[in-house]
Amino acid sequence: MQRVGVFVCWCGSNIAATVDVEKVAEVLAKEPGVVFSTNYQYMCSQAGQEMIQESIRKYNLTGVVICSCSPRMHENTFRKTCEKAGLNPYMVEIANIREQCSWIHKDKDTATEKAIILGRAAIAKVHLNAPLTAGTSPVKKRALVIGGGIAGIQTALDIADAGFDVDIVEKEPTIGGKMTQIDKTFPTLDCAACILTPKMVDAAQNERIHIYSYSEVSSVRGFVGNFKVTIKKKARFVDETKCTGCGLCTEKCPQKKVPNLFNLGLDNRRAIYIPFAQAVPKVATIDADYCTMLKSGKCGVCSKVCTAGAIDYQQKDAFIEQEYGAIVVATGFNPIKLDKYDEFAYSQSPDVVTSLEFERLMNAAGPTGGTLLRPSDGQHPHTIVFVQCVGSRCDDSKGKPYCSKICCMYTAKHAMLCREKYPDTDVYVFYIDVRTPGKNFDEFYRRAVEEYGVHYVKGMVGKVVPENGKLKVQASDLIGNQQLHIDADMVVLAAAIEPDKSARPLATMLTASMDTNDFFTEAHPKLRPVESPTAGIFLSGACQGPKDIPETVAQASAAAAKVIGLLNKDHLICNPCTATPDEMMCNGCSSCEKVCPYGAITYIDKEFRGPNRTTLIRRVAQVNPAVCQGCGACTVACPSGAMDLKGFSNKQIMAEVDAICR
Amino acid sequence: MRNDPLIPMLGVVTMIRTDTPDVKTFRVTGIDGVKPFQHIPGQCAMLSIPGVGEALFSITSSPTEKDYLDFSIKKCGCVTTWLHQMEVGQQITIRGPYGNGFPVDTELAGKDLLFIAGGIGLAPLHSVINYCRHYRDRYGKIDIVYGSRSMADLVDFPEIIDEWCKEDGINVHLTIDNPQPEWDGHVGFVPNYVKELNFDTSKTVLMCGPPIMIKFTLAGLMELGFEKSQVYTTFELKMKCALGKCGRCNIGDKYVCKDGPVFRLDQMDELPDEY
Amino acid sequence: MQERLKQKAIELLQNGTADRILGWKAGEFFYDLTPAVFTSKEQIEKDFVFNVFAGANLSKYLIAESRKGGKVAAFIKPCDSYSFQQLLKEHRILRDNVYVVGVQCDGMCDVAKLGCEGILGVQEDGESLTVDTLYGKKTVKKADAIADRCATCKSKKIVVFDELIGEQGEETEADRFGEVAKLEAMTPEERFDFWRGELSRCIRCNACRNVCPACSCEKCVFDNANSGVRNKAAADSFEENMFHIIRAFHVTGRCTDCGECSRVCPQNIPLHLLNRKLIKDINELYGPYQAGADMDTKPPLTNFTVDDCEPSIVHERGGQ
Amino acid sequence: MPVNEEFKPTIVAFCCNWCSYAGADLSGTNRLQYPANVKIIRIPCSCRLNPMFILRAFQRGADGVILCGCHPGDCHYTTGNYYARRRMTLLFSMLDFLGIERERTRVEWVSAAEGAKFAATMNEFSATIHKLGPNRRLEDLRCRKD
Amino acid sequence: MKKIAISQLNTLFAAIAARKALYIPADDGAGAAKFTLWAEGVQLSDKLNTVRSAKDLFFPQVEQLVNFKMEGTKLEIIENRDATEPFVVFGVRACDAASFDILDRVFLSDPVDTFYQTRRENGVVITLACSRPAETCFCGTFGIDATNPAGDITCWMDGENLYWRANTEKGEALTATLDLTDCDGSAVTAQQEAVREILRKLPLNGLDFSDFKDQKLMDVFNSPKWAALSESCLGCGTCTFVCPTCQCYDVQDFDNGREVRRFRCWDSCMYSDFTMMAHGTNRPTQKERFRQRFMHKLVYFPNNNDGIFGCVGCGRCLQKCPIHMNIVKVAKALKEDM
């Protein structure tokens, strides 16, 4: 039971015109525990606030009920007002008698009656309020970026720029990600390597950035401001500190038949390799699956030729523990596997390629040295068919329901480049829609059609059949309303993109939520697009959804800005309205843990005093108040009612119900 | 309509005194301003705030107070918390008196009395002490040993200092558990203090306090040569009806609310150890 | 069967596998077995009983037994094994301290279904039961005396065990939801009258709750003065409903449908129908789910899919 | 059930703080009318709604209870309303199974922008309850107002 | 002795019900009998006994005591106990009839419980002798004659007639209002003989509790048997609530926001919160609670009540306990050590 003061606001005539404020104050004065009740023209005004403060002191109020506009409007104002008068800010309750009463009712008696009931509910609740104090937790001033593609690099650079240490964990031997494989970028057609590699070097040389290449995150504990992360540095059998990146070993290695994954298997490399010339770090890695030395103990050529003595066949996976205040996920994307798309003969003919493979075939550093040659026979293709939306916008189980967003533009780019370099080629693009919403995008596409003479055909390719060195393409032209049969030399499939496979287990570790397509969910689709709902986890790049490079970079910087904002704080102020378990009633059943979207609930085995001077160990829930956001899902999942929510406790809500139904 | 013993009468709180951080004393009269009923020291009454609950409390005031009943109440549960928030003028319900009370006019008459209390345990003894002070000539020497956690936790401290200590034939021995700068009295636990004081065994002992204190003090008294039949104590259990019917305070063949709450320790030996 | 169980119990004690044996103890009559803990060969030889009236689900006792130190061996029937695994899943039983002997079960009998007064003894022989009563002898087919819950048994499979006595069984095709469907087909008025008739008999003895393996809360909300729903005796129809609604809801997705609630109800209220209704709903709306069937599947109330049906399906689903 | 002309239903609306409560505010800001017998209780998220609160409301004399939350997928806490949806579906189904009028309970997703939807929903729900008459099947006689 | 033909039973019930509310055991539709307010069409059950005992009619499970109204610091006490109309209960068996002695000793001892007292004064108990006892019956242990039950009026029933004997003034008064035929007691005596023959064959015949009377309270209390006996007890209240002699109760307040209604309801010493206080309970495990119930019936109650046990041998707990633990098993186990 509190000593309650009730303050009824007129809000000028906004409330007073339809609610008899005097009567409300008068009736509420008779409620249990109410020691003072009054009304005033504008409670939120300076004078109104002073009146509240004076009354708190004069009547020794322990609870305040303000009947006024929506708490969404002035709850904070009044909390601060009361705090200044020495009352805990959470001892204030607002009865919303404007938006939810005076403004929706015309009849004064009805509105007055309702205002009284709403006031009564607020009084009933405030009696059960308890002073709440927001806790704080320290912030470790270091960030982790998971994924070293353009998103991760940009985020890391921005964070480092602001003066904070950043670690990048990259699972491949080099940072750079997908962009390293790309030849030119739309819509400017500048060379991807030219704009990316300087950034990679910047990252490597920045003393605030530490790159863990060929590494993975193996566990994450803790919470915003205080993550404890274990990083697994996979054995690359080369001492990074000694390797000079001279590349001699990669030339001498006798094992030559290793599919070169950087070129998507379009050519081969050695068992010891540096993915590409501008790799960062420029350090060799032994592919343990192919190295004869590691497999059979016979060979050792690389070790012999290495003058730096960097080869270490005994190297083991190393585990590094590090603490972070914030974690940025930048795990990126991959094109989907096309094994379910047999109609396009992807697995039957080497001349049916994905767009990313086509990218390598066009790249000066690629398997063909930048000359477009058919993989099957090394001949110049004369007719090329591009197929859009392979696995994108699918409603069947084969593909993805979403639009992969980048395909329309890179296909326009590919078509344009083909026609520019090889004007003798016929280029067909089959599409459902061409989507070009971006700066200079539509102009780019129109250039492809108008200036470069690319044949854009609205319609789907039904079948591709390899026949006599040609690819017979059957397609429909929806506008011309005819079936087309094209004898193509190459077919390029714009495969849908999907989140990297490493994202799902990572999300589990981070307790960050994902959608059904394994894209990370943002805290709010519009207002908090670069944050995960899990506090302290931020999203950068295509792990959140399909994106092109400028968008990725923009989001990367945005995520960095959020991280910087977080790391700038010495302490985080926690939301005081958190869930709290009553350990005496907790069954330890884990129901609450399963519904917590933030991973705020953990369990400990705790010793309790049992009957007759015995002790017993029970598994009980613990809520980390720094992580809990106070949604209350756990309180309902808990069968024993051990879990309750401060500020919205079971008793408080029931008291409101009772007051309303009285 | 019949007057059922479960149906209480109205009372009003006419005075509230804060004794310690968690003990307050409430003065209750009928709403007509008259004392609700007569009682024997050691008896109890049921106080209730409708909607919150009903609970049994020892009557702290002496029967010789003509106009009111006092209750010293420690804040520990639902009802007591509510009582502590209450203000003067609040109406509550009251029914009683319940229990047997101390045998002040029979066994205790003419005896030297030793009161031993710990913390809020003084409440039931307070009534007896003041009764004995009122009828001073009916009793022999009076010793009072009273201890608490700290100075602030000594209930009725002003009354003890200003009245009891100044009265002839009454020896008050106060103690607190731990030293405090402003305390110049004895420091230590009640059981040890009782042993130190080395009382002679002709006294009749009235004891009330936490179970652990009773246990060790009793052992101390035995060491000094006291018999269990010389020692009275009073205790409380969960009670609902206070009429010996609802079954809650049933221990062995006794109902604490009716056959107790005052027991002689040799009687308690015949009861199961469920208190 | 009884002899095999007895032998096993003695063996487990003697070879040190277990310090205590949880089984059933003989009563005054043939049918009143009491769950009991045995610690010696002598006790087992004297009192251990297993027969068609050993219906009690022993799994809930293991919450406490598994925490008493030492190891306890328990005889677990198929439906008990679901409860047992569900309790493991909720971290209520310490698995390491329990040795589970799975016992094949062909269905338990309901003494009321014998239709006899003054029963002096029951002789089990093959498929029939010979009942000796104060008023004469009577032979009843076992199949006719089988408990209702066993007649619609969901599974004869023992889902968790350390060793097995008898045969491992399979999930059955029994129609568990026939009675629920019959009620669903009624009008709301009829359903209301049906449940009022049933629930108004409730005496709030809490037998259903206290026997229920899913109701293993440290402190039940109905005993908790702070929960806002505490009640000791149903003061009126609302509280009769309230208790059973909340209880059913709290065991939703956790109830294994062992049927103990209906077995123990002194007023013969078919409480299992409430739980089965929810199981049926879960199966139909969110896909088949059997509590206790495994350790991993997320319980339906702590799980979701983005395209779950809307609550308005209750209106739209048709029926009455 | 005879419809009492004087019957003024009591309707409790639980609204999540982020979407529906704001939606209710918006309907006020736009001066959209709905009956005064709808009283709103603010909860942080639809997943905070314990079935016990609904039963409590019926016990104390509510004639209808409605839960409003963010649209699925838009939950401020990302997943809260998905859990609420399952819980309410099963609860409502059980109440229906017990013969309680299924129209007395309802869930509606109302975003912060849907002031009009909020008002329309409340008008409609209130009319439904009005037609249904007073809650008799889940009332506590001790709370009945004479 | 008077009689009336079985075919005239309904006429008899109608005649009684014309003056007073009449409760008779009738089938509840779920295979059990319960005391039901008689109205045209309600048939007498052929079950041996009701699940809930006749105690319900005198000490109902929930009973309104008093109301309070609070406004500010003011409090008002509103007495609103349910009016008790005169009533007749027919078909009470010998065991339940004997339970009234036990309940009377609790409720009618000083201070008198006026709620119970009023019902006792208003109620006329018509007992019905048993003809087909069950294996769980052991009223003989307590000296109760199932063939000659107490009550204001005793009845016997054979295939043709209901025999009627008024025992008290209340019984005589009711009898005087009814149209019954005089008869001799030979049919009754014959039935009694036959039934006594069956009673002798009951499995629990010969069960003797008298050993408990010679025991020291603390010896029984400290028996090592309690731990094993209570081990499987679920702590439910089934035994308590079907028991005709259990009378523990709780007093609770219900606040509907306008007034506070104080009521009492049955409680069970088997419940974990029975003796729970702010700082714990004095019977922390089921062993203590279980022991309390049986100690009360077998030792404490007889100690205070001239050796009368708090049990009448009706056998309800034997039938209804979910795990089949009961006073017979407890008594037998304890007696092994005596």
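Labels A, B, C, D and E are assigned to the chains in the order they are written; within every chain, residues are numbered from 1.
The rule is short, and it goes like this: a residue touches a chain if its C-beta (ideal position, glycine included) is under 8 Å from a C-beta of that chain, and two chains touch if they have at least 3 such contacts.
Please read all numbers here as calculations on a predicted model, not as lab measurements.
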Fewest touching-chain hops separating subunit B from subunit E:
1
Identify the chains adjacent to both subunit D and subunit E in the sense defined at the top.
A, C
Between A-C and C-D, the pair joined by more C-beta contacts
C-D
Dist(centroid_CA(subunit A), centroid_CA(subunit E)) in Å evaluates to 68
Can you give the whole-Å distance between the Cα centres of subunit C and subunit E?
30
Taking each chain's centre as the mean of its CA atoms, subunit B sits from subunit C at a distance in Å of 51
Starting from the mean Cα coordinates of subunit A and subunit D, work out the distance between those two points in Å.
34
Residues of subunit D that touch two or more other chains: which are they?
51-52, 56, 60, 79, 83, 87, 140, 142-143
Subunit B residues counted as touching two or more neighbouring chains
78
Residues of subunit A that contact two or more other chains, please.
595, 637, 650, 654, 658, 661-662
Touch list for subunit E against partner subunit C, complex
28-32, 34, 48, 51-52, 61-62, 132-135, 198, 201-204, 228, 231-232, 234-238, 240-242, 250, 252, 254, 263, 265-268, 271-273, 318, 320, 322-325, 328-329
Would you mind writing out the residues of subunit D in touch with subunit E in their complex?
60, 140, 142-143, 145
In their shared complex, subunit C is touched by residues of subunit A numbered 515-516, 584-591, 594-595, 603, 616-619, 637, 639-642, 650-651, 654
Subunit B residues touching subunit E in their complex are 1-10, 50-54, 76-78, 80, 87, 89-93, 237-238, 240-241, 243-248, 250-253, 270, 272, 274-275
Note which residues of subunit D are touching subunit A in the complex, please.
10, 12, 21-22, 24-29, 31-34, 36, 39-45, 47-53, 56-57, 60-62, 74, 76-80, 83, 87, 119, 143
